[in-house]
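Presented below are the structures under discussion, each in the form of structure tokens.
Both complexes below contain chain A, partnered by chain B and then by chain C.
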Partner chain A sequence: MRLSDQFSFNRQIFLRHKVRTGLLLLAVAIGVASVILLTSLGEGARGYMDREFSALGNRILIVLPGRKETTGGGPPIYGAAPRDLTLEDANALGRIPGVLAVAPIIAGTTTVAHSSRSREVITLGSSDKFFGVRQLAVGAGRILSSRSRSEPLAVCVLGIKVKRELFGSSRALGEWVRVGDRRMRVIGVLEERGESLGLDMRDMLLIPVRTAEQLFDSPGLFRILLDIAPSADSDKIQEKILKLIRSRHDGEEDVTVISQDSMLAAFDNILATLTMAIAAISSISLLVAGILIMNISLISVSQRRQEIGLLKAIGASSRQIKQLFIGESLLLISMGSALGIGFAFPLQPPNWAVPAALVVAFGTGLMFSIMPAKRAAALDPVLALRGLQQ
Partner chain B sequence: MNFRDSSSWVFRALWMQRTRTLLTIVGFSIGIAAMVVLSALGEGLRVFVLNEFTQFGSHIIAVNPGKTETFGVGGLLNTTRPLSLNDATAISQLPNVEEVVPLVMGNAKVKHNQRARYTDVAGVGGAADKAWNLEIAQGRFLPADDLQRARALVVLGSKVKTELFGGVNPVGRFVRIGSECYRVIGVVAPKGEFLGTDLDDMVFIPAGKGMQLFNRQSLMEIDIFFNPRSTSEAMADKISHLLIERHGFEDFTLITQDQVLITMDNILSILTFAGTGLGAISLLVGAVGITTILMITVTERTAEVGLLRALGGTTQTVRMLFLGEALVLGLIGGICGVLLVAFLLLLIYLFVPGLPVALSPTIVLGALGISMVIGLLAGSQPAASAAKMTPIDALRAE
Partner chain C sequence: MIKLETINKTYQVGDSPLRALRDVSLQIGSGEYLSVMGPSGSGKSTLLNMIGLLDRPDSGRYWFDQVATEELNEERRTHLRGENIGFIFQSFHLINRLSAFENVELPMMLAGQPLKQRRIAVADVLAMVGLSQRASHKPNQLSGGQLQRVAIARAIVMRPRLLLADEPTGNLDSKSGGEVIDVLEKLNQDGITLITVTHDQKLGDRARRHIRMVDGSVYSDQTAFENGHANGLKNDHAKTQKSRDETI
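Presenting the complex of A and B:
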């Protein structure tokens, strides 16, 4: 029996039962499409995280005050410790070879006001380096100058939302705003950019680090961001940071260093597991489709009893009969999968999603068609020709 | 045709095609099971998280410095609008306020002789143990001192106690936190984690001492536990008035436990909903299965339908018969699905006891209801096509 014979045999039955075939294709297509769709959603979330981090294109180490003995748990997020992490510490860290830039951060909430409008915002005290490390750019005006690293200049850069709330559509550059109990001149407005790593930069105020020190009356840094060279060994630099801090803090290692890579890897892991779980759950629908295929195959076998008898009478072997019915299921699966893929493909699924969906679809199809095919092959030609039960 | 006749027709029809019926039911019940398991997991998670939040009671209001909408984070940062210990004292004098817990958190080295441990330090008020349901294993909790003139006393978390003192009784001994000496007056019994914070790897000192230790001008949070006789709106209103009177304007954020719960509940309900939707895909495929099989059955039984019509059965009767078949398939599928879920949950319970799952009667009844509805929907098309047959054509098909 040639392959074309097989196809024409299968085609007959598909045409004879158009509705049934259509519904079967629908079932398989739903299964395949849901696997691909849901994995692309998961993968999309992962890609978003990746882009958020790597759009920055640089490698960042984050130093925070305080330390926890239990590793693996959350970092000490409180930002409070008996010994402050100071601007001098930050400057010293900047001299470690392999560190390209250091952005010290003092963070706090304060009120910023212009004429009668005021707004409570998160205020970051940092320097010109911060813009480089976080790859922020101003849409108007300029960024903090290099003098902001060491001098308490009375200037600020507004997030775009703060600007809109305080100034509406009028010009903010060069105007004076009241920040806490001080007056500062607006020298720049950040360009429109959405959330960045959970921080809504649009609703923030950036001021020189020394100014923040005075404003909040606290020399303690909330974080230090280090931009390290692409070629540098992150682990070695982390060790050097800890050693340097120890020597500056009387032998106490009271800071925590987190690398952005490890944070990314942790997120990546979680999302990958989630995607796999979702893929597994949605492939249950393929299992259900597989059972449906088995059901239909069984019906198909009993309906074509006489044909099978005839085939056997003119010399078809059991293997060929089996092949006919398994081929029928696989053909159905292929067409259903093609439909499903065609429906879900525009969503740019991850590379592995399509093959995985296909493997599951064909696997279940094959598994569930073996039993009906065996039943067909086992028919007795004489009885089958007469259309009788065995 | 009376009910008994129709039901015997339906069941005989299903019984005659046992394999077919069985496979259809298996497929459909897997779909139902997928949906129910996922919604049970989502519901379990929701109940777990809500319990975690309500374990301290539901009559709580938290005050954070600064007027921002950032949930919780605001308090960790510096602020130009501090909340002082005096604010806490003033709030505690309001009627219906039961406990007020000022809070400042940080991280410091706790040292005893040669042993030291970096750990979380919570600066709290004397009522924190009652408010947070902390059980005291040894000694007692921080005394209700004047907030402004707190003594250098410390209560250790169980893990810190083990690390620093081993089996020795630490009560009455001194530990060094930062640069000051604190006298240990108690040890908290193991409590476990709360939202990712290990409450055992923590020490408790008076809030005033905490502010000195971390050089802070402001508390990070004031938790107010109020009497159930007052509502959280009325209470929030009073606290808000008091603080505005003290500060001149509204420079703080009030979050009532009710708001937190509603927000959490919303998020978790969405999660449950998404899980259920995910499972529903399999159910959809199962429904397609019922439709397919009924379509085939209708074609196979054309002659029977013709005979029925010729004997005076109305189109309505024929439609009802096939809908009945679909309904029974859906219902049995649903029951099997729920049994499958019960089995799966039992396995989960036996092997992963920690995983919170909840199979509520609502879910079970909902699942059965949905299976019947879906069965009916899946059967409506085949039933309609059976009803459409004219008796003559149907009989001729024989």
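Presenting the complex of A and C:
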């Protein structure tokens, strides 16, 4: 039997049972679409993560005070180390070859006020380098100057949200605001930008690091961001950082260095696993579609007993009967898959999602059509022609 | 062409075995016109299915064109059946979703013959049964006689040498039944071997050779004389009782 003949034979069956065929197609289409959609979702999350990290700067090392213990637990958020990480440490790290920029950060919460309005905001003390490392830009005014690295200037840069809440639509540049117990001049407003790794830069106040040191009355740094040269070996630099800190901290290696690469790799790993899991879960809907097809095929076999008997009598072999029924299911699967891909494709699924969905669809289709097809092929033509059960 | 030797077949009906065929031996030559008659349950249809290679005997031997069929596997039997044997059923067994043309085309399609060849052959056999005008009709648009003629067209489209008809007129009025018989007998005159199973005495009488079955055995086997000469086959069924003369 020719393939084209089989297609036209199956097509006539589909045309004869339009509603049934339509519903089966829908079931397969939903299954395929859900596999593709959910995997796209996982991939989307991964893409988001990647973008977030690259927004953080291309090659960044983060030095945190406190030692990450090997016995579990994440790196400490706020340094609980016996020895503070200081600005001097930061300056020393900046002299390591391969380090392009050092942005020390002192973090805290202060009240910032202008005329009658005041707000609690997260305040970061840093320098002009911070803007480069975090790839931040001001929408108005200018960023902290290079003098802010070493001088306690009374200036600040506002996040856009803080600016709006304190000044509304009126001009903030050049105005004085009260930060804690000090007065500072607003020299810049950050441009509108989304959240970045949990830090909402819109809701933030940036001041020179020395100013922050005085304001919070603490020399301890929250962390140090290092921008390293693209050509530099990240691992070697990490070793050098630890060595330097050891020598500065009486032999104690009381800092943790996190590289962006390692974080990215970890997240990537987690999300890839998650995506696979999601894909597996969404395959269940395809499995359901497969069972549906099997059920319909079984009904179809018993409805078409006489036809099967006849086909056998006029020269169809068992193999041909099997082929007809399996072909019918696979044709349904192909059409349903095409529909499902049509639904899901505009959402730009990852490259592997479509083939994966197809493999699962055809796998279940084949798996669930073999049994009805075998049953059809095993019919005794004599009894089947009489419409009798065996 | 066909040689059956002590064929036995037993079906399990409920608890008790039913012996559908008992030691049936039969020889049928090429071009014969045979009717098989007998009461219900006498094994007529079983014999027909046996000859048509749809059923396998429990014991005994069956040669089709010197081929010992019981030694063939299912695939080979199917092939032999498709090439050489055409079936006509009481209830036509046409596929409703297919047009007359497509129904007739089915055996050729299953045999994988090319479209062009199929078109010619189907048009040819439809003309032979007088239904050229109805080729595109679906079965529900055709009368009973027309349906059976479509079924005949389907049975002969592969140019079989043996035609097996199981109550071909059973569901038809006498006029359409007559038309169907005319077509079948015309085919027989053209050389096809025709075996009809029927309850209808008049139809049975038209055959040149009459086989009567009772309780799974061949009860009588007689050859009628037509136009003054015998059709040339000797009856050689020793175990069968010599029949009471019913037909001559």
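Methods note: the second predicted complex is superposed on the first by the 382 of 390 C-alpha atoms of A that agree within 3 Å, B and C clash if a C-alpha of one lies under 4 Å from a C-alpha of the other, contacts with A are read in each partner's own complex, and residues count from 1 in each chain.
In this section, a residue touches a chain if its C-beta (ideal position, glycine included) is under 8 Å from a C-beta of that chain, and two chains touch if they have at least 3 such contacts.
This one's a predicted model, so the numbers in the text were calculated from it and none came from an experiment.
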**Study point:** Partner chain(s) touched by A:276 [first = chain B, second = chain C, both, neither]
**Key:** neither
**Study point:** Partner chain(s) touched by A:16 [first = chain B, second = chain C, both, neither]
**Key:** second
Exercise for review: Once the structures are superposed on A, label A:381 by its partner contacts, choosing first (chain B), second (chain C), both or neither.
Suggested key: second
Practice item. Determine, under the contact definition given at the top, whether A:84 touches first (chain B), second (chain C), both, or neither. Key: first
Practice item. Name the chain, either chain B or chain C, that contacts more residues of chain A. Key: B
**Study point:** Which superposed partner A:306 touches (first chain B, second chain C, both, neither)
**Key:** second
**Study point:** First, second, both or neither for A:319, with chain B first and chain C second
**Key:** second
Exercise for review: Flag every residue of chain C that touches chain A in the complex, lowest number first.
Suggested key: 49, 52, 54-55, 74-75, 78-79, 81-83, 87, 89, 93, 95, 97-98, 102, 106-107, 109-112, 154-155, 158
Check your understanding: In the complex of these two chains, what residues of chain A are touching chain B?
Key -> 17, 19-20, 23-24, 26-27, 30-31, 34, 38, 65-70, 73-74, 76-84, 106-111, 120-122, 180-181, 212, 215-218, 220, 222, 252, 254, 278, 281-282, 284-289, 291-292, 294-296, 298-299
**Study point:** For the chain B and chain A complex, residues of the former touching the latter
**Key:** 19-20, 23-24, 26-28, 30-31, 34, 38, 65-68, 70, 74, 76-81, 104-109, 117-120, 163, 177-179, 196-198, 201, 213-217, 220, 251, 278-279, 281-282, 284-286, 288-289, 291-293, 295-296
Check your understanding: Which chain A residues qualify as touching chain C in the complex?
Key -> 1-2, 5, 9, 12-13, 15-16, 306-307, 309-320, 381-382, 385
